[in-house]
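Shared between the two complexes below is chain A, which pairs with chain B and chain C, respectively.
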Partner chain A sequence: MSNVTTLQIYRGDNESGEMVEYQVPRNPGMVVLDAVHKVQSIHSPDLAVRWNCKAGKCGSCSAEVNGKPKLMCMDRLNKYPDDATISIRPMKTFPIVKDLVCDVSWNYEVNKKIPAFKIRKGERKYYQYEADRVQEFRKCIECFLCQNVCHVLREHQLKDEFCGPRFLVRVAGLEMHPLDTEDRSELLKNELGVGLCNITKCCTEVCPESIAITDNAIIPLKERVVDRFFDPLGWIARKLFKKT
Partner chain B sequence: MMTKVAAPRTATRLGETDRLDLWWIGPLSVFLGLSLFIVYATFRVFYNAHYVIDTASSAYLLSPFYSPLILWDGMPPWLSPGILILWAPGGFRLTCYYYRKAYYRAFFLDPPACGVSESPKKNYTGETRLLLFQNIHRYFLYLALLFLIILSIDVGYSCIWPDGFGMSIGSLVLLTNVVLLGLYTFSCHSLRHLIGGKIDCYSCVAFGHTRHKMWKGVSILNQKHMYWAWASLFMVAFADFYIWMVSTGTFTDIRIF
Partner chain C sequence: MDKYTTLQYDVIIIGAGGSGLRAAIEASRNGAKTAIICKSLLGKAHTVMAEGGVAAALANLDDRDNWKVHFRDTMKGGKYLNHWRMAQLHAQEAPDRVNELEEWGAVFDRTQDGRILQRNFGGHTYPRLAHVGDRTGLELIRTLQDKGVHDGIDVYMEYTVRRILTSEGAVSGCLAYQRETGRFTIFNAKALVIATGGIGQCWDITSNSWEYTADGHALALWAGAQLLDMEFVQFHPTGMVWPPSVRGTLITEGVRGEGGVLKNSEGKRFMFNNVPEMYKGEFADTEEEANEWVKSVVANKIPKVRRPPELLTRDVVARAIRKEVLEGRGSPHGGVFLDIASRRPAAEIIRKLPSMYHQFKELADVDITKEPMEVGPTCHYMMGGVKVDPETQESTLTGLFAAGEVAAGLHGSNRLGGNSLSDLLVFGKRAGEYAAAFAKKMTDYPKVDPDQVNETVKGSKKPFEQTEGENPYSISEDLKKMMQDKVGIVRTESELKEALGELNKLRERANNVKVGGNVQFNPGWHLALDLRNMLDISEVVTKAALVRQESRGAHTREDFPGSDPEWGKVNLIAYLRGDAIEVEKVPLPIVPPELKELLKD
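Entry: the complex of A and B
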């Protein structure tokens, strides 16, 4: 086993940059983030990288390792061949502040569009089996890897029209809650742009929390939009039974 | 050691990526698999022959491509009964959430794979505008449920021999086809929604507990929706092929009991 790892790391900002090659010692049990820290300590203390927990829970260390969106702290070096060069770039979808650090503030702006939980009046009892479904969505650590890989944002740059998978997960968590009474289907169809998602599932593929984003959040939300806007039989039934 | 290497940052040409794995195998296999099916199904539907075994000495076997069989006196000979019905299962698959993912990736390269660039094109509208018709899927689901009943009746007919009840390889083929189509249909995302997924508070509605259980059941099947989609696609083509071969005398339909 070679005891040296070669990394190519993006150095630069949003305007210009280059891939710079570094070699660092490889120890058993290392993850990609450890190797990046070694670069900082051995070669380049000014290398910018965002991280906090090193446990896959804070969602800070998102990057693209050999072209795949990943948390660097959860990506073991021994998965890569000893003689391989590992390339590390910042997320492509967001503006680069410096090196591996992106400006993800757009996401926080999108979040503000979503109406908060509106609790139902009267009896507020519900059962665990009813809450199970929304608990999956609470696992989100806001790493924004799904936002990064989503081609609607990444390739088509439709940030004004589409909220991205992370926020569809958030809406699903609110909409499907047994006590919530807010109806977000119109918002989903219009401002949040759920119709722009073509369910190609890249968000699900990269989610480090293994949230079934497309199957459990996006498709059920699309079906709710169909209920409300595109199902004539459902519309007649609602009129007949006077449901809104 | 530290050296500088030149590297452009943004990938903008179709297929550009930093991924080193064989990402193109997935879309290529889907492209080939679906194309093969479409070519075979189109050929068989226009072939308009050898789709039924209807003799005095054997059970009645009908190809799923032609079921329910619609024939009438004076029907133009060029009109295949397959065309009259195949739009329904075809539409069901065309608007299926899984197949949508599959053909958007493999045929429209939108995207070809995750983290792989598309050709720069303007005016992406996703499933709005032109593709709004995808929302009709639940209506095709209702038809698909009807087709399941019809195909189950066909399995029943395939077990009625001149001397009573019996089963042949052909009836097993038709039975497997119905089972796989059933698994595909009962794992449908729209069914999952309609059967109970649309409810937020199960304890607040009539039959909420039962509907939650049904939703859970469909959800379990739904996790493998892609597998049922492929397995049933293969099986329906194979069932047709088997009946074609038996009808031309190339295969003999062996009776098991």
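Entry: the complex of A and C
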């Protein structure tokens, strides 16, 4: 193993910037975030990066490493060839604040639109098999990598019309909660724009928590909306052949 | 002062972890105009890293459990230095706080009959920890965050508070800079709640995130509030030890709760030889008995035998591991072995401990369903903090409240696992409620002193004006290494005195720290400022550790190895006199007779 790693890191803001090359010493087990920290401590203390837990639990250190959306704290350097230069850029879908930090505040605004959990009256018992389905969605650490790769948001920038996979996962966690009584199908169809997802599964591929976003969250929500608002014949057919 | 934006609120909460969010929900619910100021994005606070569960005597698995047993376990775990009233309120109110989370949408693991599942943990007599696999903290924070979104609470994300403002001996607000722009904002408030968590970034091997730079402890100290129990820093027995880049990352106690065992290099379960006097008779004597207990628990039966000694309190287990390593029976990288692979089937391990499985696979190339983990102690939790009134959580400074890890009293000299998440909920709620009541009594906003604002802004910008000076990262690294070496898990007078000398030198270096670039999102500058908190609070810890000449709970003095009954009668408080940090003994609050009765074995 070479004892030096070469990095190219985006330095700049939303208007202008450049890839700057740094070399840092390499220790066993190092992850990309460690290398970024070394750049801060050796070369450039003002290099901006978000991070918190460094254990894959908080979802703060999302970036694009060699073009792939990743949590930098879970990306081992030894997965790359020894002599490779590792390039690190901020997430492309959001405006850049500085260096690797981008403005993700849009996500927090979207979250406010989703009506809260509303518990049913009376009995609260439910079983683990019911919890399992919802717990998958509640594993989400809000790293926003799914938002970053969703082409509706990334290429088409339809942020006013589509809430993105993260919030479809959140709605799925509420809608499928065994004790919840709120109906969010109208919101899904209109404001959250579930119809805009065309199931390319890019979100599922990048999820660090391995949530089956498309299959387990988005498709069932699309079906809910269809059942509720469109195509009564289709509704009957699905009931008859029970494909889900 | 006119050049700064001023915002006015009834109640301002500093910190958006479990206690901050719970306090904000309660303050808002009580009619206060409420804001949260937090250093990171919402939902990223250190609470997300809590793994094992939240302790509450729901008695869903063992109907012998109730608040009295939880109270006793907490007091015993803290070696009776806890504030009895906090321990009582905590044990009594935790079940309501957990049930309330379920009402707000939290999805806990279930028992076979559909109720909240509870697991065993160190120092808890019965299975008591409501949990969600090994990511309970994330569930807690997300539930509170999503509840708070609809409660009309304003959130100022990525703001760092540099000073608590005071006027006429009471709080008048706080001064914070926005990380993105570097601009200062005055938050004028009738009441403040500090909920900033801990101080673990002062040590080299730590499970704590970057935010844990002793902010709230320092802000309270500087504003004139008293701190309590500052000598008690918990080292969690099981952190990762290899590879170096993840050294210190937490491995949940839940591994042992699910049957995991600790072994030394000779393959021996050494905890059987490390049961302290006060726990004699409460733990299994033989491997057969311990295995029988695990078998019952796995089969969802109430065990008829005693629990394995791996489930002793954290202080005890951490010291035992250290001893094995020092005496040459450690693992290749200076820890011991934690083995769940030979105890439970792979599918169950992945189901009950998914993040542990993932963490080891990704970061250490270890498959925990096939081989043991290497583990060693890691700095984890601060028992000490702001001295508060047990009912209201108000500090000794009027209008300043504190809750969660930054407050002291509940845990005494050692915290039980699972008692932190319940602490956040119980006392977060109380702090919010009483801060709102305090604010309601005031008709006008307190005055902000422009001198305090100007002085702090000027001092904060100093690192940019230095033409020569050191990089803050090197000072921070040296501080952590020094604290690890000299104010670590085992302490002696000579090393503590050396530490005080080293702290003076580090402070001098920090005074001349230089940062480049500008004020916009500049982590070097942020660290230069955080260093001031860390240095002052490191000094408080060191001074308190020097004063307490005995070993108790998390505080171990090699030169005073035993517990001393006289020292068991006092807490230590710390405060500022001028610029000097003073440490002083105060008598322990007297436990009422009916509660004293519960503490008898």
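Rule of thumb we're sticking to: the second predicted complex is superposed on the first by the 231 of 244 C-alpha atoms of A that agree within 3 Å, B and C clash if a C-alpha of one lies under 4 Å from a C-alpha of the other, contacts with A are read in each partner's own complex, and residues count from 1 in each chain.
Keep this in mind: a residue touches a chain if its C-beta (ideal position, glycine included) is under 8 Å from a C-beta of that chain, and two chains touch if they have at least 3 such contacts.
Computed from a predicted model, the values in this text were never measured in an experiment.
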| item | value |
| --- | --- |
| Touching partner for A:Lys139 - first (chain B), second (chain C), both, neither | second |
| Touching partner for A:Gln23 - first (chain B), second (chain C), both, neither | first |
| Which of chain B and chain C A:Leu187 touches, first, second, both or neither | neither |
| Which superposed partner A:Thr200 touches (first chain B, second chain C, both, neither) | first |
| First (chain B), second (chain C), both or neither touched by A:Pro220 | first |
| Which superposed partner A:Tyr126 touches (first chain B, second chain C, both, neither) | both |
| First (chain B), second (chain C), both or neither touched by A:Ser41 | second |
| On chain A, positions contacted by chain B and by chain C | 44, 125-127, 130, 177, 180 |
| In the complex with chain A, residue positions of chain C that touch it | 40-46, 48-49, 102-105, 107-110, 113-115, 117, 132-133, 135, 138-139, 142, 146-147, 149-150, 155, 157, 180, 209-211, 242-246, 249-250, 355, 358-359, 362-364, 471-474, 477, 515-518, 520-525, 527 |
| Chain A-touching residues of chain B, taken from the complex the two chains share | 1-7, 9-11, 17-21, 97, 100-101, 104-105, 110-111, 114-115, 117-118, 124-128, 131-132, 135-136, 138, 189-190, 192-194, 197-198, 200-204, 212, 222-223 |
| Interface residues, chain A side, partner chain C - complex | 27-31, 34, 40-41, 44-60, 74, 76, 97-99, 101, 104-105, 108, 111-112, 115-117, 119, 124-128, 130-131, 134-135, 138-142, 170, 173-174, 177, 180 |
| Partner chain B, residues of chain A touching it in the complex | 8, 10, 12, 17-23, 43-44, 64, 66-69, 87, 89, 92, 125-127, 129-130, 149, 151-152, 155-156, 158, 162, 175-180, 193, 195-202, 205-206, 214-215, 219-220, 222-224, 226-227, 230-231 |
